[in-house]
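This report concerns only the one structure given below.
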Amino acid sequence: MLLPALLGALFVLLPLVAMATRVQWGSFAELITSESSLQALRLSLQTSATSALACVILGVPLALLLARTSFPGLSLLRSLVLIPLVLPPVVGGIALLYTVGRQGLLGQQLELLGIQITFSTTAVVIAQTFVALPFLVISLEGALRTAGTRYEIAAASLGARPSRVLATITLPLVLPALLSGTVLSFARALGEFGATITFAGSLQGTTRTLPLEIYLQRESDPQAAVALSFVLMIVAVLIIAVARRRVTA
Amino acid sequence: MTLALEATVPERGLDVALDVADGETLALVGPNGAGKSSVLSLIAGTLRPSAGRITLEGRLLSTGALLVPPHDRAVTTLAQDPVLFPHLSVAQNIAFGLRAQGTPRRRAREEASWWLSEIGLGDLADRRPSQLSGGQAQRVAIARALAASPRLLLLDEPMAALDIDVAPALRELLRRVLAERTTILVTHDVLDVVTLADRVAVLEGGRLVESGPTADVLARPQQQFTARLAGVNLLTGTWDGHTVDGTLAGMMHESVAAGTRVRAAVRPAHVDLLEDDAHPSPGTMVLARQVTDLEPRGDAVRVRAGEIAADLTPQLVARQRLRPGDEVRLGIRAADVAIYPAR
Amino acid sequence: MSAVRRSRAAVACLAATAALALTLGAAGCSTVGGGPDAAEGDAGPTTLTVYAAASLQEPFEDLGEQFEADHEGVDVEFSFAGSSTLVGQIQQGAPADVFASANTSNMDKLVDADLQAADPVEFTTNTLMIAVPAGNPAHVTDLASLTGDEINLVVCAPEVPCGAAAEAVERAAGVDFSPVSEEQSVTDVLNKVSSGEADAGLVYVTDVKKAGDGVEGIAFPESDSAVNTYPITTVKGSAQPELGQEFVDLVTGESGQQMLGGYGFGEPDTGGA
């Protein structure tokens, strides 16, 4: 029991420690404050925050639909929603390309409206939202099922219309799950690479997020790549720590 | 009539019609599975009838085609579980219905605090539901339901989950607050019926089999279920002008033609055991039966023999060494038997 | 016996992976068949491991088959990836017998680490070409027509070789590109062109050739200013240096050059440009 647990912990921790030992601390500050690094970090934080917001806006209704209604095809829909979890992100990127790309399903109409999504920051947000949405939906749907419907029935019986029940009963009851789901999807968006590089491209300040920058720096400046990886890791640890405190408090 | 209900739900074997008058408390009783909960669901709007109509104060709530949603019915349900909202304070819980119906915040708060003192919990306004005892929580639930001022209150065994020592105080609270409120009370407890209900309706197998003012139903039960609730033996037979089926005489307060189906009610405490060869006193009828079982009943022993229950003193039971299977002679005095027409 | 020993080795390997007890590059759990074992036993085939730049995949696979046909009992195994990735792996001790790089700078890294077994030989070249989607919807003609905001131009990032080459031709032509994306690899550029997302991209001649009907190539004179030279060498510590050298000879020899030319590669240009 204890040994596998220790092995499991080591399995996660050791690579992080190993990376920390490879960081050239002497030039660390210099490495991570280059113009391209800072732009990548800023872009990553902005797009991930936007994606997390998009996940809330799209994911809350979806989770409610999955947890509180029944219709033919519901279980199929539930499986489909989770697809981005198991799909390689590159495949997600290709799928998005065929959806809103120039030659894609909606591309023609978008082009008529003068909108080009590929190669834009919007594309980054779309790619991140695509891969992060299931995290929010899963955690929220689970919480909704656990909470059950008895409080909602009681509220309706006291004369509260559905919108009020949602705002004053349903959502407050699952608030911890909503918060942790949002943080998870933010973290997932922050780490997103495959779908972004496939669908959005890579241009400094526009679409080159931190993971893309790290991957690129690996080609020319491995030390900068390691330093940036370490920064990304620290950001991830901070997010998780803050989220856990929030949720358990 | 405030509530008029007429509904069938074939998949639940329900076919029922009942009315509740303005300000009246109707006790809905019946064995488990009789359909009591289904009737409440029909009225609350969580179950759609296949056919029929439900109106409340003249407003159509349900038909086979129409279903006014639960929040728009002015019908509030209080079940045995208080279901207080865990993220709201006690005062916010009570104010919930008022706020939902558009009462301004300040007035809702005032009314909530009035209700808090009404239920005797004035100093617990800011507590969370998790900090309340079971009895306190159910008081808050009552206040919350009533503060929403529903046109009709549905009580679904509101005291079934409470400790036996807090039930009386809560029953007293309900007796006080339910006066003049239109209420349907589902219960298994005769004490609830006699203290709270103006009328009783008996549901069996999805149908209304008996109903009437509480005192009448308990005094002249028509059904075995009601007789058990009233605590009497119920025998059914044909009136021959003097006795029931030629064996049982009793007090008949109305003139009934010979050949009419009648019921005879007698309290178990008024059923005697005739010892050995003792002769029955004049006016006592004797019924020969076989003992089925014995059980303790307060300071007496309840002896069941066929369809008749007799409450005997422990001394008598000991003297006779009564065992299941024994042949016994039971004596019933005509003065203790009430006879009335079957309906 | 040997079966038992192998399964034990596999268990040990599993445990090692799970605990990550070895270095992070601990992918090397395959029971190595070559070397002394193979010499001892008479049956086992000899394996020649060739690390080669991804762009060389098709011609090298053909050459590998030819090599195997010429050398009975020899298995040629390839690892195709970016040149810098491959150099990194060799530095970490990956068991390569031959290394073929897509540029001189990554070969220089190998030489700097003193891991070459012989002097590297430049065996072929590759130059840039404009790739456009089939039908050339944006009517691209030359480098000058790639400038401006209306056109979706995709190039490689300057950090990777094809991006450096793109910068070189940009300078030589005296134009100023404003690409919508600077991709990680030629493949990424090509995919964006073939899917029609980009109107044009700068890739190698061999990539256009490989891409088939979805992509058209447009040659331009300034490509001379960025000729990519491919060097090859045997790797120090190889268990079969002679065999490795024979593979190098095949690549630099006549049939090797013919094969490369068929895939769009150019003659080794020792004169420079």
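We just call them A, B and C in the order they show up, numbering each chain from 1.
The rule we apply is simple: a contact is a pair of C-beta atoms (placed from the backbone, for glycine too) under 8 Å apart; a residue touches a chain by one contact, two chains touch by 3 or more.
In UniProt terms the chains read C = Molybdate ABC transporter substrate-binding protein.
On a predicted model such as this, the values are computed, not experimentally measured, just so you know.
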Legend entry - Chains touching both chain A and chain C: none
Inset, instruction - Could you pull out the chain whose C-alpha mean position is farthest off from that of chain A? - result: B
Legend entry - Top-ranked pair of chains - ranking by C-beta pairs in contact: A-C
Legend entry - Chain whose averaged C-alpha position falls nearest the assembly-wide average: A
Legend entry - Cα-centroid distance, chain A relative to chain C, in whole angstrom: 34
Inset, instruction - Calculate how many whole Å lie between the centre of chain A and the centre of chain B, each centre taken as the average of the chain's C-alpha atoms. - result: 56
Legend entry - Separation of chain B from chain C, taking each centre as the mean of its C-alpha atoms, in whole Å: 87
Legend entry - Contacting residues of chain B [partner chain A, same complex]: 44, 46, 69-72, 74-77, 81, 83, 85-87, 96-97, 100-101, 144-145, 148, 150
Inset, instruction - Name, in rising order, each residue of chain C that touches chain A in their complex. - result: 18-20, 24, 82, 84, 88, 152, 154, 157, 159-160, 179-184, 188, 191-192, 195-198
Legend entry - Contact footprint of chain C on chain A as seen in their complex: 7, 10-11, 14-15, 18, 97, 101-103, 116, 118-119, 197-198, 200-204, 207-208, 212, 215-222
Inset, instruction - Please name which positions on chain A make contact with chain B in the complex. - result: 150-151, 153-162, 164-165, 168-169, 172-173
